[in-house]
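What follows is a pair of complexes built around chain A, which joins chain B in one and chain C in the other.
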Partner chain A sequence: MTPAAPSSPPPPQIAEVTPALVVRDLRIGTQARELLHGIGFEVLAGERVGLIGESGSGKTLTALAVMGLLDDNLTASGHVHVAGERNLLARSDLQLVRLRGARMSMVFQEPMTALDPLRRVGAQVAEVIRLHSAGGRAAARLRAVELLTEVGLPEPALTARAYPHQLSGGQRQRVLIAMALANDPALLIADEPTTALDVTVQARILELLAKVVAKRGAGLLFITHDLALVSQVCERVVVLKDGVVVEQGAVAEVFADPQHEYTRTLLAASSLSPRLSPLISATPYSAQNADHPPPIIRLTDVTRRYPRPGGRFVDALKGISLEIAPGERFGLVGESGSGKTTTLRLLAGLDMPTSGTVEVAGVTLAHTPVVELVETTTETRPGQRFVASAAELARVRANLQLVFQDPMGSLNPRMRVGNIVGEPLLNPANRADIPEATTRRERRALVRDILTAVGLPNDAARRYPHQFSGGQRQRISIARALVCRPKVLVADEPVSALDVSVRAQVLELLARLADEREFTLVLVSHDLAVVRHLCDHIAVMRAGEIVEHGPTEQVWASPKHEYTMALKAATPTMSKRRH
Partner chain B sequence: MSQIIQQPGAKAAEGRTASVVQPPSARLPEAAAVGPKRYKPGIHPQLVIGVVLVTLIVAAAVVSMFWTPYDPLRAGVGEPLAGPSTTHWFGIDRFGRDVFSRIMAGAQLTLYVGVIAVSIAAVIGVPIGIIAGMRRGVPGALLMRGSDVLLAFPGLLLAIIFGAAFGAGTTTAMIALGIGAIPAFARVARSGTLQVMRSDYVLAARAANRSSWAIAWRHVLPNIAGLIVVQCSVNFGLAVLSEAALSFLGLGTTPPAPSWGRMLQESQQFLGSHDHLALAPGIAIAIAVLGFNLLGDGLRDVLDPRLKGVR
Partner chain C sequence: MAWLAGQLVATLAIASLLVFWVLRVLPGDAATVALGMNATPEALATWRAEHGTDRPLIVQYGEWMAGLFRGDFGRSFLTGNDLTPLVLDRVQVTLILVGLSLALALAIAIPLGTLAAIKHRSLWGVVITGGSQLGVAIPNFLVGVLLVSFVSVRLDWLPAGGWVPPAVSLTEFLRHVTLPVIALGTVQAAIITRYVRSAVLEVMREDFLRTARAGGLTYGQALMRHGLRNAGVPIITVIGVQISAMLIGAVVVERVFVVHGLGSLLVDSAQNRDLQAVQSIVLLLVALVVVINFIVDLLYTLLDPRLRLAGSVV
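On to the complex of A and B.
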């Protein structure tokens, strides 16, 4: 389970062998400006090198340049040598085609879109083999199954006949790795290969990558924004910032003694230490305590069943019960499909439980089944829906607000930020407790205040969402959620789409606001480290059930359920690899 | 690719990491740091051409209300079937009427038909589409099946039926064309609405307990506006063509009112001998249709704040 790579150092004679990749003075630019300012590094054969940087630092551009896949409106100059070949940048596309896949190959970030949805995965692997070897169709097919075996897919012969959508995310990524390895390339580039995967799956994929590369003596260029991953997978690290290599060296040295300030900042941002709320640590919550305030959120035996075509059902929630005290910072951890998003939708009154009760801020949303027609994309059929009165929902929603994962998709691109943030105030029910929000001018002042509180510039209200970076957009989301002073803030993976350094800032902001404004924070995340950093209580969800819950430090220090242990072991941390 | 490129500028704005070696890009002014834009701010060639062509038509229509070189209805202003000359730019038709004057006056009718037909279709079709997209289930299904029934009738057939029932005429024609275009608008609006309704910002608005009306007005409509503008421009072109076709068939504008379509029909028997009679209304129709299509495409891009240059 531990993804730690084989830790044997590369044999000393490796330096005499041709390096897998040499990049010298690589410059990439558009006509308007230069994006990559003459970077240089090497990947020796059998060496695992991490290329680290935030979005926009140029790490993906570097990978595309090595693969010869740069966009047409970009120009590249400098030297790129793969396995002793002549400079790749000086070659025509036709010459590159013969090298691509044979000498260097790439594993992409999103395994669903990188595979052709209409072809069997075995055929896709075989195609790569046949492109570069003279062997026949049957031989390629056999080899494809061999490769699928090597990347650890169960029942490889059967899997080869599956379509991409029939495989899980981790399995698809294994297929992509098989394709990349098909022709024994000297260099394997992995561009954020695990960002789209669950934590426990990520650990296994990283293990696999390290294993296959070591077995073949190929060089691995591992691109990521996550230092913890680099520390686990790689031997050397190249730190890229704004198109410049600011630092490179052995992982142990760079991480132990970073020379450049940016590396130090990144390192500081990467290690999320637990940060306890002063409110809670002062008065520990216990259910037995009679004079304690009643919980602000209470779920009692809640189930949610989604009908599927053909009369089948999917149980997203299998009867969960939960209590969250006012002022608590509650973390809900789980992987995709665990039911954490369903829970969140139930809390916000955006979805209705099939059975059980949801109680938020004193409003009980009782279950009243009503049969009605529900139209899906394929059919119209009777379904069950829970109905709460409009007034009840209004009270829940005035007291509970949401922050979403995707910083771009959660803001209306056609509205100015001031209008986006001020929108909840337009609803009279939401501003019932805020006397100073009746006139337009007062509301505008409230928007200005909250934008300042989340650390956005003064002119932010007049601008459009696309003019802000991911972290700033997440601040806008937080401002919108807090503008009508809710008692509960539910944040759904608020930092998983953000860069490491920005991630820490947004978490810090959430914690500070929770203290200042005394709201209850419910943080939903797949990342145990993020939850541990911010929350004082944790519930771990798996397959629609809460498998463990309690105070953060107790769950973290001595997990009782085996799934929590697996999750903790798989969570990448900087401290795990010490040589 | 453009996404990757745009990030550095955005990141420079976040700029909360400790100060580091300044790469050359950081010293550029902020506007330049946003990265290359495929859509250059300012001149949009399609829009400019579209505006020029549409302005030409509108100007002809407006001027013809007050002045035309000759009375477009008066016969015998020149030798019948005479070709273009300095006194009669586009020549003379078989009744001795000035073709240039008739083209100018015909622009009025063309705009009138296009604007009214598209307005009818958009004003009825877009709300139907939005309602169907937001209220799935029975009401949405009923609305869409209803519009599917309408879609099964070709617009021209509908116009012919209307013409037979209520008498041929420009007004009948454009109402029929408008009604015939409702399903197209409803479909476009519905598919756009479905997409917008899946977005997180609608979820956020719902979580803020905004009414369906507010969500439709503030979130759905602005985000499908681009689709609708394009649909308007395409349908404007179609309406102009259909009016011409109906007039050509004798079901649209009644003589002697100047209509480009009717002029085209009247020129039919002189094709080969007096081509100018077909050429003038033909080119006029082409300019109108092309102009409105380009205008629609251009407007869609210009109205989208995401494609605008940063500040």
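On to the complex of A and C.
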């Protein structure tokens, strides 16, 4: 896998034998405790190695130690050699500065904040070039535009003059890749480079990364928690757990025949096959009712138009209609900007449509009748708008609860978990249908029950959110949403911030609770695999429209719309390999 | 831009109405103050007719505004002199004082605040932060009094007060201006240091500094090239607010150092019920503050492309 591109100068003979990166007995720790316990691995020139593990396993620490960018309160010992250089850990920061961005470079996770917002992106790429080469300003500018061309940005000369905020997340990540490649490094480290991006964008960025390192014969250290990505991008894999390498080897071998227990768990959790567990029955209880019950959620010709300065506007929803039956598990799939979040806000009564009808749990939230003006013209125009009263909104909110994406940001850090979960019960509207929630003691019992139901320890109610892991926090959010027994639970990307092994557990919990407590589940996600895993019906959204909907397996097996096909193709799976 | 300019004009119009109205509502008749308690009603009426205070308020306001548009501040009720040269002379003094104090404050605050942020875990950071806390707590007239009693009276290094315009003698100007500038500037330096420190601390945590370092910049280079400009937006906000505070602070410092600036003119005029002078000076101060805020708003858009018209580049 080291095809030297004919255009680049032939790599010196030594590059064939010198590994891009050698890590030996790397230990990182604070004064109080050691976080990384002597790990070792190699990345050969032209080789793509995946470093996988869950949050807290030490992946990013390893990368930062190689780059010499560890925080001041962390110390590293051991051996790190990049492209045959002497041990980097034994060298001063001033010596490392010459290597960073030249012999080794790094692409970070969060493209939205990784670029200086006040400087044009071309200038930022040019800066890295000029730091390590003698050429003048004009030459660096030209080279920057060349690099922006290579990473596939449209109209590179114009893009070079853009500021970061004028580019999308995927485009910014391309700029960062261009910066990292500016001086043809021997080693490129990519730390979760696509976590913040949409799946279709992710697929293209991964393709780009593989291409540019192959062209340069550089080594790639690809850090991720997603095994499917590793199987697509990398040749070898290093599995990290709690600061120790538990397994490493060729991707095909490790994934086919994992030796370590932890790798097996990770693998099992990663392949979100539909109906992974027998717990996930996906039988809507409505099926027991012979006569068709009325839908619990009905959107009819809903549009939402947001005004923008200068008399312009954005159509977030362009007339969508959908029905969700009681007990259904409904998945809403789409990428950023597709209108998922707007739909969700309308359902929760947090926003009102520009036109159309929104009905939730028997309450009409908004309704715009269409009046036909027969006598003069055949034109139809919207009639008088109807909007639900505050009392009706309160009733809807008692019946429709939300679980948000960020389990930390959505829990008040200064409140005990018991109070967080019990808070919805303090609102009389929410407990109108729960007779056993009148006294404080009764409410506390309800909170205890629901915390047990979501699988949290007995003492959870007395603790604070920061004392829980990400997955547990999401369980707290679910408990809070379910405590007042809603008819509908809307989960907005409930697992996208979680590690893979935890992801499966939380999805399983949602499915089990939906069956046990007989609520309708609306799952909003960008990840077709997650939705397929859990839902019986899905709707695919794009640019404010529902492009396809139907029973999950039907949509998955034979997608009709090209966008659904693109989404399916871009969804990383363990079986797909890119070469 | 047009929006900002409109805001500026509207603010000034409202301020002028307010100043005019408040001064008319306050007790203390200008004619009585000018002629004394024992003046006959006829004398008072004559005085009012002479100075035009017997006409309808709307006419008085219109005349005042029309004068200001021509660059005419009107005539003093007290002396009958044209206020314009006096006010312009005094405003020069105050602006020089405030400008130099600001320069001193920034020269101290930006390096010290940055240092305090970089070394926030070490002794230096604690010393600077503690020192600036002390500076914030001391009012600037107290600094002035202390400076006079030590530097001027005890050591006799610099004059205790007075003012020599720079055009007359540059060395004398500097000798006279040093102490008031220190009194006004150091307290501001202490306040701005704290804001610089927190703005730089904020920026130090940004992802793009790490990106810059990964590209081969040293920590210091990354901070200078990418950090300070990003920290600039909040710092400029504070500087804008502090200039306004300094204009007010100058009133007191001018008193301590017997400098005849706008502040002392305002205080004298207010004591003498010289309505015409007071309203013109107050409006001038308001105008200065509003214009400074306008400049700050313009600087934002220069500094931060996100605040410019979105989507105009690509």
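Methods note: the second predicted complex is superposed on the first by the 525 of 579 C-alpha atoms of A that agree within 3 Å, B and C clash if a C-alpha of one lies under 4 Å from a C-alpha of the other, contacts with A are read in each partner's own complex, and residues count from 1 in each chain.
We adopt the following convention: a contact is a pair of C-beta atoms (placed from the backbone, for glycine too) under 8 Å apart; a residue touches a chain by one contact, two chains touch by 3 or more.
Fair warning: this is a prediction, and the values are worked out from it, not measured in the lab.
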Evaluate whether chain B and chain C can sit on chain A together after superposition, giving fit or clash.
fit
Taking the superposition as given, does A:Leu176 touch the first partner, chain B, the second, chain C, both, or neither?
second
Does the superposition put A:Leu426 against chain B (first), chain C (second), both, or neither?
first
So, A:Val547: does it touch chain B (first), chain C (second), both, or neither?
neither
Just chain B (first), just chain C (second), both, or neither: which does A:Arg414 touch?
first
Expressed to the nearest 10°, the angle that the Cα centres of chain B and chain C make at the Cα centre of chain A is 30
Does chain B (first) or chain C (second) touch A:Val230, or do both, or does neither?
neither
Which holds for A:Asp116: it touches chain B only (first), chain C only (second), both, or neither?
second
Once the structures are superposed on A, label A:Val199 by its partner contacts, choosing first (chain B), second (chain C), both or neither.
neither
What's the minimum Cα gap, in whole angstrom, linking chain B and chain C in the superposed view?
7
Under the contact rule defined above, give the chain A residues that sit at the interface with chain B and also at the interface with chain C.
none
The residues of chain A that touch chain B in their complex are 30-35, 37, 54-58, 60-61, 71, 73-74, 241-244, 246, 260-262, 264-266, 348-350, 372-375, 380, 393-394, 397-398, 400-402, 404-406, 409-415, 420, 423-424, 426-427, 429-430, 463-464, 466-472, 477, 480-481, 484, 499, 501-502, 505
Going by the contact rule set out above, which residues of chain A touch chain C in the complex?
67, 69, 72, 93-94, 97-102, 105-106, 108, 110, 113-119, 127-128, 131-132, 155, 158-159, 161-163, 165-166, 176, 179-180, 182
If we count contacts the way the header does, which residues on chain C are in touch with chain A in the complex?
121, 206-208, 210-219, 225-226, 229-230, 303-306, 311, 313-314
Within the complex, which stretch of chain B touches chain A?
1, 4-14, 16-21, 23-26, 28, 32, 35-36, 136-138, 140-141, 199-201, 203-211, 214, 218-219, 222-223, 225, 304-306, 310-311
